[in-house]
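One structure follows; several queries about it will come next.
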Amino acid sequence: MNFDWEFIVETLPLYGDAMWLTVKLAFWGTLFSLVLGLLFSVVLHYKVPVISGVIVAYVELSRNTPLLVQLFFLYYGLPKIGIHMSEAACAIVGLTFLGGSYMTEAFRSGIEAVSKSQVESGLSIGLSKVQLARYVILPQAYAISIPSLGANAIFLLKETSIVGAIALMDLMNVAKDLIGMHYKTAESLTLLVVSYLVLILPLSIVLSWIERKVRYAEFGD
Amino acid sequence: MGDSRELLLEIKNLQKSYGDRKVLEGIDLRVRKGEVIVILGPSGCGKSTFLRCLNGLESVQGGEIQYLGRNLAEDQVDWREIRQHIGMVFQNYDLFPHMTVIDNILLGPLKVQKRDKTEALQQAEQLLDRVGLLDRKDAYPRQLSGGQKQRIAIVRALCMNPDIILFDEVTASLDPEMVREVLDVIQELANQGMTMIIVTHEMGFAKSVGDFIVFMDQGKICEIRAATQFFTRPETERAQHFLDIFQYEKL
Amino acid sequence: MQNLGIEVLFEGSNMERLLGGLLVTIEISFISIVLGTILGLFMGLLRTIELKFLRFILRLYLELFRIIPILVWLYVVYFGFTPLFDIHISGEVTSILVFSLWGAAEIGDIVRGALESMPKHQMESAKALGLSSGQIYRYILIPQAVRRMLPGSINLATRMVKTTSLVVLIGVIEVVKIGQQIIELGVIKAPSASFWVYGFIFILYFLVCYPLSIISRRFERRWQN
Amino acid sequence: GGSESNGESKSKFNSIEQIKKNGKIKIGVFADKPPFGYVDSDGKNQGFDVYIAKRFTKDLLGDESKVEFVLVDAASRVAYLESNKVDIIMANFTVTDERKEKVDFANPYMKLSFGIVSPDSAPITSIDQLKEKGQRLIVAKGTTAETYFTKEYPEIELLKFDQYTEIFAALKDGRGAAIANDNTELIAWAKSNPGFTVSIPAFGGQDTIAPAVAKGNTELLNWINTELDTLGKEQFIHQAYKETLNEVYGEGYTDELVVEGGKLE
Amino acid sequence: MGDSRELLLEIKNLQKSYGDRKVLEGIDLRVRKGEVIVILGPSGCGKSTFLRCLNGLESVQGGEIQYLGRNLAEDQVDWREIRQHIGMVFQNYDLFPHMTVIDNILLGPLKVQKRDKTEALQQAEQLLDRVGLLDRKDAYPRQLSGGQKQRIAIVRALCMNPDIILFDEVTASLDPEMVREVLDVIQELANQGMTMIIVTHEMGFAKSVGDFIVFMDQGKICEIRAATQFFTRPETERAQHFLDIFQYEKL
């Protein structure tokens, strides 16, 4: 197999742009998901009537449908009822719709993992509900949730590989486009795989390091 | 019971159920300042539930808990305020794992009681010194042994300057040496006149620390007697039966 | 938009075709799950063996599937394998291959997790009874591991069903592709077809995945007690 | 050229003998490009390309039902041939030099050039209009139009989709100012979509459309060329036009599109 | 030690380390048929490790374990066979949660010893009856209390007809009443002449059940004495210090 190195060098900037786009989409998607997740998990924890029910329904809907179909619906379906969004907006809304439920679950299991006896000993020194959340529950829930939050972030980053389906020039789409125009299949696919490794491998290593730290060291140093 | 000392807590006909199940069926108890009351009884008889009611961790279905002229069994009690006066230490050394020892101790005094930091710190260090753990003040709970954690938990409760402290089987998950180091701390508190209600399964300790023994069975108090009398000549048959469990010589 | 456009779903054999497309999706997932489980069981057992090299290889295998998006794998296999290895495989076979290998990696990890999460003293008290290693696996570890594996495996099945939606991008004719065909034909008569068709597919996926999620959660809860 | 395949790639395509033995031929066609290649509401393949492909099958295997249509998208047509997923591509495949390096084209059966379609409310009548900021031109990935604009007008922002379905939906949803594609395609679509007009009917020279086979499959290639020659004698491509395109284009375009006997005049 | 009885187990200069850390440093002990030996000592002194070595759960770095003419400290020992003669019961009532009580008990006799099903079942039921749990034989472990589980674990070990049973703090995670019901079973075994090595923190029980007390500290045996003598007049200061921990009357 002869590699066309010249082709690789020529198209490298395209992959650079695509990687940047991938990172941007994943960043905003993750950020909004985190905000949703934090908000929703607190609402669920305090069992706010009605809203909790809506959130539970949302979580189920989001977790049990594929992102591709979600995106197609947002991009092609919604304009038919008068809702127009740009490609990037659709992608971020889609990622947030998907990621929000995953983050909600991550935060919620973090909160639930804080033991009842921790809550009680907080109460028994006279802490108020707000103080209890601020000083006892959230710091612990947050630490417990970190590994799954990180895993979700990587999950969302990987899911961005689908946004090419709504014409965004992400890594996947660039590779596909180059194959379509120049028929350099091997070169394009290799660059594609390498790009994802470059993007996700460091993240995944950092994550497993954090996970180990949290698991074995619990708290403090 | 000695009438000379000030009455701190008076419980009358306390009723508690979980759903249909009655767990406490009319508890009556008076606690005077400086008294050490030890509650004994078989597992599931309602000892923990009783202490939790006194600390507002469980709601109550009937009866009175008179404390400083207020009835804590009523609805509108500000438990946050009460809990500053009635401290509690649990079985599972529930220190907050993400805070150092000193932060654990100061959380209540600073955030709840809004006390001056220097003054609170001084008291905390003094108490830590008393339980022999001043040098561990910047450690995290996971760096401590079970016995050390439990002593810190006691300091944490003490540092709120409570009128009464409730102890619920604080040594149940400890090794014998650690049991001893924790019980020694409680014994010292008793000697200094702290008012305490203690649930324990250590008979030797109960005998040595308690002014009065309250023997409970099936949600009721069967017997209240001076500690020395209880262990030599319990009044009820049930109490005698309970004590026999700890007598291996009779095998 | 005088008419709602929802009629497009019931025109001609459209509904039948959409459901047929869903069946393709389900078929691909089902075959992959079965193959993946069989492979994964072996892989999980292998992963408990204390052999540095073997552990490294199997771990690498898992990580490759975790790091590189499945869509990329589908592409690499579909278009990359032919020039490289000179084999010709259809979109369906590509998907089954990729999903089975992915499933094997994940099931393998679930099996390993289940075996390793077994309390150490279970193993010891079995040993203390004089059971041989084989007997310990057969009577003690595996029966308990299987229980622990169930929720995770069903969860994985849900993920696989969802991920099969991607095979449309390598030309497999499944529910999304058929949806697109229907939209294309209905452009004039039903301008809002894409709203209804994609909305309907969205619901179809939900109807397939949701019961799986529920079952998985049931098992999880039962196991916790 | 047998010499360049060096024997090592001999299994990369099926010989005619192999196809006859299998009793079926795989032909790649579009599923979403009416009237050239599409799937009707009964799930059957229809269109100009399909019509011709069926005839090929009938003449090669004796029965037109022995064809297996493989639905391809524009970007992966070459890949389908290279990986032997199809024997022939007849998916409105425009002949280009780049493609010639990868596949072997038979003689053409159709000709065309590029066109641009845009909404009547904001018609694009010159390519320069597209250079303005914020104007996006919609193309399908892997088409000659994409390559043309990437090369000749790199300053024009392109919005690229895999599927024809998607480019038309995108134009309707107002995601771009216009679509650039083969004019045949666009004329057909604009006719059935009021509010849209082919505002630049032809530019970028004339191209031809031909069946393609895997590189080196000379045997099949020769067979197709002979077949096209034979069909030319009975004016079969004209008939195909009448059956599949007339309804869309009307008689007027016959000479603009049809190439009979595999030879341009 | 009484010389009249048959020597079952003879441990000489047993050495065990984890990495660089010496955990057992030269243990010598002889166990005769029918003897009940209780091992006492502070936490971490190596009691569990010692029992685990006798059962082949830990490898040994030096010394001898003579049992029926074989040295178990050597490499090629078939532990599967030995474990049928030396049973062990652990702290965490390790019944197999996916099997019923009777299946738990019969697993060893049927799968390891390949005994006849009717005969093994008969013995199992007889033993269950003796510990008062025959009616629970089809229950799953999660349906039992801690004390019941521990009694089943003892029956499971007994049903292999071992020569010796090792008990490692089998009551450490139980409530007092349950402690008692388990210890009563062990006491009965002792009365019937079962050979046992018992690690426990229940001093009263140790005194009542043990023929000899082995007091360990930091991986060594400090003192071996008849139980009655040990509790009244221990020889070493360390043992005296250890015993003091359990004496609350001296506060």
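Labels for the chains are A, B, C, D and E, by order of writing; each one numbers its residues from 1.
Criterion: a contact is a pair of C-beta atoms (placed from the backbone, for glycine too) under 8 Å apart; a residue touches a chain by one contact, two chains touch by 3 or more.
None of the values given here were measured: they were computed from a predicted structure.
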Chains touching both chain B and chain E: none
Chain whose average C-alpha position is farthest from chain E's own: D
Most distant chain from chain C, judged by the mean position of its C-alpha atoms: B
Which of A-C and A-B has more C-beta pairs touching across its chains: A-C
Rounded Å distance, chain B centre to chain C centre (Cα mean): 54
Intercentroid distance (Cα basis), chain D paired with chain B, Å: 86
Chain A and chain E: spacing of chain centres that average the CA atoms, whole Å: 53
Cα-centroid distance, chain A relative to chain D, in whole angstrom: 39
Residue list for chain B, restricted to those that touch at least two other chains: none
Numbers and ranges of chain D residues touching at least 2 other chains: 76, 79, 82, 162, 169
Residues of chain A whose C-beta touches two or more other chains: 76, 165, 176, 179, 185
Inter-chain touch pairs (all): A-B, A-C, A-D, B-E, C-D, C-E
Of chain B, residues touching chain A in the complex: 55-57, 79-81, 83-84, 87-88, 90, 92, 94-100, 107-108, 111-113, 140, 142, 153, 156-157, 160
Of all residues in chain B, those that touch chain E in their complex: 42-43, 175-180, 183-184, 187, 201-202, 204-205, 207-209, 245-249, 251
Complex contact set, residues of chain C against chain A: 1, 5, 63, 66-69, 71-72, 75-76, 79-80, 83-84, 158, 162-163, 165-166, 168-169, 176, 183, 191-199, 201-202, 205-206, 209-210, 213
Chain A to chain D touching residues, read off their complex: 76, 79, 84, 87, 164-165, 167, 169, 173, 176-177, 179-183, 185
Chain C-facing residues of chain D, complex: 9, 11-12, 31-32, 34, 38-43, 70-73, 76, 79, 82-85, 162-165, 168-169, 172, 192-193
